[in-house]
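What follows is a pair of complexes built around subunit A, which joins subunit B in one and subunit C in the other.
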Partner chain A sequence: MKEKEILDSLKKIVSPYVQRKEGLENFNEETDFIKDLEVNSANLVDVILDVEDEFDIEIDNDSMNGMMTVGDAKNIIERKLASA
Partner chain B sequence: MIGNDIIDLNLAHKQSNWQRQGFIQKLFTEEEQSFIECSQNRESSLWLLWSMKEAVYKAVQRKYKLDRFYNPRHFNCTLTQLTSEKARGEVSFKDEAFETTSELFPSKIHSYTANTEFSYFSEKENIRSLLLQNIAKHYSLPLASINISKSIQGIPFITYLGDNLQIPFSLSHHGNYSAYALSLNMS
Partner chain C sequence: MNYNNILQKLPYTKPFLFVDELLKVDEKSAEGLYTFPVDSFFYKGHFKNNPVTPGVILTECMAQIGVVSLGIFLLEDQVNESQEIELAMSSSEVDFYLPVFPGETVKVVSEKLFFRFNKLKCEVRMYDKTEKLICRGKIAGMIKSKLAGDNSRKN
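The block that comes next holds the complex of A and B.
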């Protein structure tokens, strides 16, 4: 899967939980779920569950631990897809 | 070190579909899951445990100047006392245990780590300026000279004329409620 497809898909997944919509205008790997998009910390788990469903992967606790930015999420998805 | 967390239960109800597959399993340990499962009001029990985890996460992040991370199952909650208005408990993280107190209301839950003086207020009031007023009064400092800044880890600290006053405190905001926890007994 191409990087751009993953990023587009992540944007779609995270959108319902975004409280700061301007943060979506410049959505890139640096985008921070909590700081830039103001995703509630309890909703970060929804993002993770939606990513699992969308990509048919399992995100273990260790991977979840470092999922702060869109780039972090993209790297985890790529790694999981590669090992699937 | 201090951490606190406030939850607007009405907003939490709207924001989170806690009954979805995986939600509780990803956030809570097996023991915590069975506590939630067995409680009369599962939704408020889960937010009670969540606010304890969040409060202690903030405390350890501040204490050890940690980068942000997301690993709720590493914060293991046990309750030592639970009434309809108050909960006391302990949250262990790695080899350390932190005592917490939680005030329970029909519309909100406020948890904070031990040794804090605290307040909560509605959103209409500016919690930051109330916190600064409290500190100015306690230390007899001019209000205009104290400020809140943030470290590179995103941890806030209070400054007097630009110098870090090393005052342990924590701010929290959710929906209609804001809260702070503060310790003025540490020099």
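The block that comes next holds the complex of A and C.
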């Protein structure tokens, strides 16, 4: 899967949970889910569950803890897809 | 089996404890009872001269039995017993069908939707004595034990 497809898909998944909509206008790998998008921790769990469904992967606790930015999420998704 | 160990760990007290008894708690579900005392503080103001249990209190009762009690059970399963819990409600979406008047006993029945990354989300229903549905909805909270790092797991 191409990087851009993963980023587009992530943007779509996270959008319903975003408090700070300006953060979406400049959505890139540096975008921080909590600082830039103001997603709360409970909704970050929803994002992860949606990512699991969308990409048919399982995200473990360690991966979850390292998922601060969109780039982190993209890397985790790529890694899981590669090992699937 | 009694559930005193769970009741003792509920981080509430009067006038904001809305669990009298737990009937059943297991990996997937929880059931419990609460009777709203006629002299509960909120009846004085909700409504003027017409006491009805506020929906927000019914929601709280559903959360305490259906989410927090279940969450304590799920955490105890994994970690040592003496730990306290950290807790916050994260969302609730509830539909109401019947009013609850002072002195009524309600039964709360909850089914776990998921418990992952410290978030417990449940489908919760409340019934009156004749098993009529009072309200139902989805309630979620973040719950973890105070000392342990990460207690989440799949389902």
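Worth a mention:
Simple rule for what comes next: the second predicted complex is superposed on the first by the 84 of 84 C-alpha atoms of A that agree within 3 Å, B and C clash if a C-alpha of one lies under 4 Å from a C-alpha of the other, contacts with A are read in each partner's own complex, and residues count from 1 in each chain.
By our rule, a residue touches a chain if its C-beta (ideal position, glycine included) is under 8 Å from a C-beta of that chain, and two chains touch if they have at least 3 such contacts.
Values in this document were obtained by computation on a predicted structure and should not be read as measured data.
A count of residues in subunit A touched by subunit B and by subunit C gives the higher number to B.
By the touch criterion defined above, A:Lys35 lies against subunit B but remains apart from subunit C after alignment on the C-alpha atoms of chain A. Look at A:Asn61: by the touch rule set out above, it reaches both subunit B and subunit C.
In the superposition on chain A, A:Leu24 makes contact with neither subunit B nor subunit C. Residues common to the contacts of subunit A with subunit B and with subunit C across the two structures: 40-46, 48-49, 61, 64-65. The part of subunit A that touches subunit B in the complex is made up of residues 17, 34-35, 40-46, 48-49, 52, 61, 64-68. Of all residues in subunit B, those touching subunit A in their complex are 12, 15-17, 20-23, 26-27, 50, 54, 68-74, 154, 174. Residues of subunit C that touch subunit A in their complex: 88, 90-91, 114, 116-119, 140-142, 150, 152-154.
Subunit A makes touch with subunit C in their complex at residues 40-46, 48-49, 58, 61, 64-65.
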